[in-house]
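The same subunit A turns up in both complexes below, where it pairs with subunit B and then with subunit C.
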Partner chain A sequence: MTHDLAPQLFNGLVLGAFYGIVAIGLSLIMNLTGTINMAHGSFMTLAGYLAYTMVQRGMSFWVALIVAPLIVVIVGVLVERGLVRPLYKREPFYSLLMTFGLSLMAEEAFRLIWGPNGVPFSPPPALAGAAALGFMSFPTFRIFIAGVLIVAIVALALFLTRTRFGLRLRAAVQDTEMIAALGTNTQVLYAVNFGLGILLAGIAGVLAAGMLGLSPTSGNALLMPAFVTVIIGGMGSLFGSIVGGLLIGMAISLTTLFIPAASEVAMYILMAIVLLVRPRGLFGEEGIFG
Partner chain B sequence: MKARAELIAGGVVVAILAAGPYLSPLIHVDLSIVSEVLVTALAVMSVNLLLGYTGLPAFGNAAYFGLGAYGAALSAKYLHVDFIGAVIIGTASALLGGLILAPFLLRRRGIYFGLLSIAFGQVFYFVAYRFTDVTGGEDGMNFPRPLVLGHYAINETVFFYVALAAFVGCLIAFRTVVRSPFGRTLVAIRQNEARVRYLGLNTDRFIFVALLISATLAGLGGALFGLLINFAYPLELDWHQSGFFVLMMILGGAGTVWGSLVGSFIYVIGKDIISTQTSYWQLYLGGLFVACVLAFPRGILGTLLARLKARPAAADSEPHG
Partner chain C sequence: MAKNAFDRRTFVKGAGLGVAGLAMGVPAFIPRLGEAADTIKLGLLEPYTGVYAGPAENETRGFDMAIDMWNKRGGVMGRKIEIVKEDEQNDPGVAAQKARKLVNQDKVVALMGTVSSGVSLSVSGVSNSLGTLFMDSGGHSDDVTGKSCHWNVFRTCHSTWMETHTTGYTLAKHFGKKWFLITPDYAYGHSLETGFKDVLARIGGTIVGNELTPLGTTDFSSYLTKIDAAKPDLILVLVQGDDYTNCLKQMNQFGLLKKYAVGGPQVELESLYGLPAEARQGYWGIEWYYKSELTLGKGNAAAHQFVADTIKRYGKPPTARNCFGYVTADRLLTAMRDAKSVDPAKVARAIENVHFTSIFNGSAYYRKEDHQLMWPMWVAKIRPSGTPGDPLDLFDVTDIQAAEAVEQTIAQKELVCKLGYP
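So, the complex of A and B:
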């Protein structure tokens, strides 16, 4: 069993990176507007299906990997402007209900358009097969996924810390009224921030479709681990989401190896332990949502 | 005067409900569906106490509901307890679940509370889903409806009156609780928790008790639901179900005593009717969420009551009572 350990651990890391990136998207939206985006998984699924259709129509995987998330961002921003924005001034659970309703509709729409069962979506030939990593061999596509996710996270971190816009975004999380009073158009911030979260979901959605399969509910399957990731990592912390995601990924893959029946429950146990020791999560910031 | 109006209106509603076995054939609805309305209303009430009154986004109450159903199902199947025993064990399982989760949930407020409720509630889903040998896993578990005291069988009509009695009893208890100083404090916590704390009240303790009452109510609803359909399945515990309870609460009217019945009635009957007409029930359900949030944030009863309240005080300039 130990010779399975290294690949399984690496698997856990890739899986964890997914949870991390989905959690970062959720976190961005949650921190600024208090919206728990229950439709996050649906945006992932949508990106996956769009990429699938593009590849079916003869487009290259690389084009689909870029275009599908961008289309989903447009859909996401439209949803935010049209349906979620009117709820910002109300209690936050209204936007949760709204996005929940949207995810129900989306799931049914996927079923109508692309069929109730999963569709095969395989990575391009260049990424098929396995690469030897010295002590073990590992599917090339998963290594590629790890690379893309790392690039995306680094790019986001640079955007948030090195650009004026990112600075404003972080300032708005601290005090939206103040940043508005200082002359920043907060509506633009909201829209871009939502789009950013959806962009991460879209990229993750296309990659996840290739690795974990694509069905009307496949994106939603990543939603719950992402919630747990946010809780473990701590709200308001990008770094926390990454660490939390990797921790959960490892926990899940290790329990899958040793106690398969407990694989889903493992992350909740991890969450309970973290909360007992650190109620705000590992890197949670003081004062964000009580 | 107002209390008397409510008493009369409530009496009329209960009288109409009591005639359910005769009325339900007229609208082509199975009597068991009306029973489902009543037991579901208990779960909606449990959400209402936390979200409608205390302002805590209770997005995990399906866990207690499902624990009630599974508690009843498992005890009936494996311990061969009678009907009353199954109800008690089911409700107690939910209370126990509440006792386990409360220390975690109590730590946070606002959307973080919602997030924790969703996440922790999901544990029970996976337990039911995974322990296939005991719970039947994804397929759920069948069990025969136990007899009362091992002797008296409960048919659909009798079950309906059991459900009605449970509903009326819980409604009265619920009304008493929310109008008591305890209930007033919960509302105060929703409006401004910091201020309540400054007044010297330990708000954690109030929320703890509210959580346990909520879990018990949802558990009773779940136990009766399990006994109604003689079946328990993991989706009862899933966060989707929690969301449906919240939708019903909003639909009826958050923070209104009777709203739970209104919401549960519309949802359960609507689902029964629409799902026989179309296989895309979920599409309509999602649309209902969207429409309800955008157009009816105060719910049907909430809007009606606000209208009634606004009429005598029309000159009053306060926009929302």
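So, the complex of A and C:
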């Protein structure tokens, strides 16, 4: 059974990085405005379907991979301005319920537009098939995804730490009122931050459509692991989201190897243990929400 | 941060609440009020949301076409037929609740529908306690017409025993006897596993791996990475719906379709349409097909009419699911006409052992002893890109099996199934 271990670990890492990037998007939005975005999965699905339609119309996969998430960002910012913003002053449950309703509406809309069945969306020929890694053959597309995720995470980290705007964002997370008093337009911050989270969702959505499958429910199916990732990694920590994602990916892979029947509950058990031992999550800051 | 202050516990509760809500969904149909009293109302339960939404839509189209046809003829006993649809959300609990609602509130005289076996079994139990007929159009688990059979329940689609015994021998002949199973972890999958074990016991084959995957699995990678170590002759894919599409697509990306043969007890056009051509491979059991003499029967005018009407009305050829819906409603209404009644027991007696021809090859009957529809089953080889004139023509039907040859015998069924008429 040990010769299966390396493939499972590697596979778990790639899967985990994927959960991580979805979780970072959720986390960004949650940290600044306290909005628990239940429609995050719908934005992923939307990006997937847009990319699918573009490729159907003859555009290249590469164009779709960039353009589809950007369109979704525009939709996301409109949603933030029109629907989420009026709820910032209320309890977080209001925006949670609103985005949850939005996700249900989105799912039905996808069903109406693209039909209830899954649709075929494949990676481009250059990324199709499997590459021999020595210890296993692994889909080229998943290796590509791992690369994209690393680039996205590094770019995000640089943006948050090296740009003026990124500094303001991080400062606003610490103390929004002070930042506003110092003359920063917090409404612009909120919109850009929301858009950033949705951009990550959009990229992840196109990648997931190529890697896993694309149907009206596919984004929402990935939302649960992403929430668990945020809780394990710790609220408020983007680094935590990455570590949380990797842990979940490996937990799922390893339990599939040793106790297949438990693979579904593995991430919840992990979450329960983390919450018992360290209630704020692995890298969470104490009282980030209070 | 004070204005949106809330602590981690509230968040965890809130997120939990939201995710629980995610699983519940919304009703797709709201029943109409103020209907005429002299109509015959039939209740239709289908998973319009969830992984089986595609098959659900097509079953519904079949039901609608049969009912429209009967209404055009003047209904049954001079009464118009009306159909009340509910979204059972692929959830046995929701389905039970909706079944009660249809019977108690909407006053339907019979229930029809379902895709997932878990839901079929749930509705079967509820309908029995309510004393209402239930026609299972699309849930395959043996138990529906086996150990959980009831006098008021009939099944149109094939049982898992029929599926496994139609395909098992053919697959072994083509590819070998060392099988790796990817099985959905609920009633349907377990029932298929039992069937295949029986086939393997007869031909001396082995199961070298059996991965139980939860219904609604999106990522199959951790199961697929175990296949190389098991070195099977054949990978049998038992999952259905969106799970089937996701699984085959990922098998292709892992390069498994180049290394191993693939096949299974059942494939549906709905799932195949969602796959890229290079992932469409192998030999599979099929339950009907719109473009083969072997499935439609030679010179079967009704079948050809049904195909033409479906294409005209919906712009897409019918699948096996359209056929299930059509046959189910048509036989139920025929029995009501013959019994001159909507009384459940009288209608049930009028369905049993009545031989009929329909939109498929040969004649068929709902067997008296277990209420399983005894009709042929077929094996098809997949044509990845269809035929030159028709890219949707994906099945090359190679084999037909008579129901009696692949279903358990009456003697075997009588050991487990007690219909228990009142």
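Following the convention adopted for this analysis, the second predicted complex is superposed on the first by the 285 of 290 C-alpha atoms of A that agree within 3 Å, B and C clash if a C-alpha of one lies under 4 Å from a C-alpha of the other, contacts with A are read in each partner's own complex, and residues count from 1 in each chain.
Methods note: a residue touches a chain if its C-beta (ideal position, glycine included) is under 8 Å from a C-beta of that chain, and two chains touch if they have at least 3 such contacts.
As the structure is a prediction and not an experimental result, all values here were calculated from the model.
Peer 1: Applying the touch criterion given at the start, work out whether A:G34 contacts subunit B, subunit C, both or neither, answering first, second, both or neither.
Peer 2: Both subunit B and subunit C are touched by A:G34.
Peer 1: Thinking of the overlay built on chain A, is A:F100 touched by subunit B (first), by subunit C (second), by both, or by neither?
Peer 2: both
Peer 1: When the two structures are overlaid on chain A, which partner does A:F227 contact: first (subunit B), second (subunit C), both, or neither?
Peer 2: Both partners, subunit B and subunit C.
Peer 1: First (subunit B), second (subunit C), both or neither: which does A:L112 touch?
Peer 2: In the superposition, A:L112 contacts subunit B only.
Peer 1: In the superposed model, does subunit B or subunit C contact more residues of subunit A?
Peer 2: C
Peer 1: Share the list of subunit A residues that count as touching for subunit B in one structure and for subunit C in the other.
Peer 2: Touching subunit B in the first complex and subunit C in the second, residues 34, 36, 38, 91-93, 96-97, 100, 103-104, 107-108, 224, 227, 231, 235, 261, 264, 275, 279, 289-290 of subunit A appear in both lists.
Peer 1: Using the touch rule from the top, collect the residues of subunit C that touch subunit A in their complex.
Peer 2: Touch residues, subunit C against subunit A: 1-8, 10-12, 14-15, 17-19, 21-22, 25-26, 28, 48-51, 53-54, 56-57, 185, 211-212, 214, 216, 218-219, 221-223, 225-226, 228-229, 242, 245-246, 249-250, 253-255, 270-271, 273-276, 278.
Peer 1: Flag every residue of subunit A that touches subunit C in the complex, lowest number first.
Peer 2: Interface residues on subunit A, with respect to subunit C: 3-4, 7-8, 11-12, 15, 33-34, 36, 38, 88-89, 91-93, 96-97, 100, 103-104, 107-108, 111, 115-123, 128-130, 136-142, 173-177, 211-218, 220-224, 227, 231, 235, 252-253, 256-257, 260-261, 263-264, 275, 279-281, 284, 287-290.
Peer 1: Going by the contact rule set out above, which residues of subunit A touch subunit B in the complex?
Peer 2: 30, 34, 36, 38, 83, 86-87, 90-98, 100-109, 112, 224, 227-228, 230-231, 235, 261-262, 264-265, 268, 271-272, 275-276, 279, 289-290
Peer 1: Under the definition above, what is the set of subunit B residues touching subunit A in their complex?
Peer 2: Interface residues on the subunit B side: 51, 55, 57, 59, 104, 107-116, 118-120, 122-123, 126-127, 129-131, 239-240, 243, 246-247, 250, 280, 282-283, 285-290, 292-294, 297.
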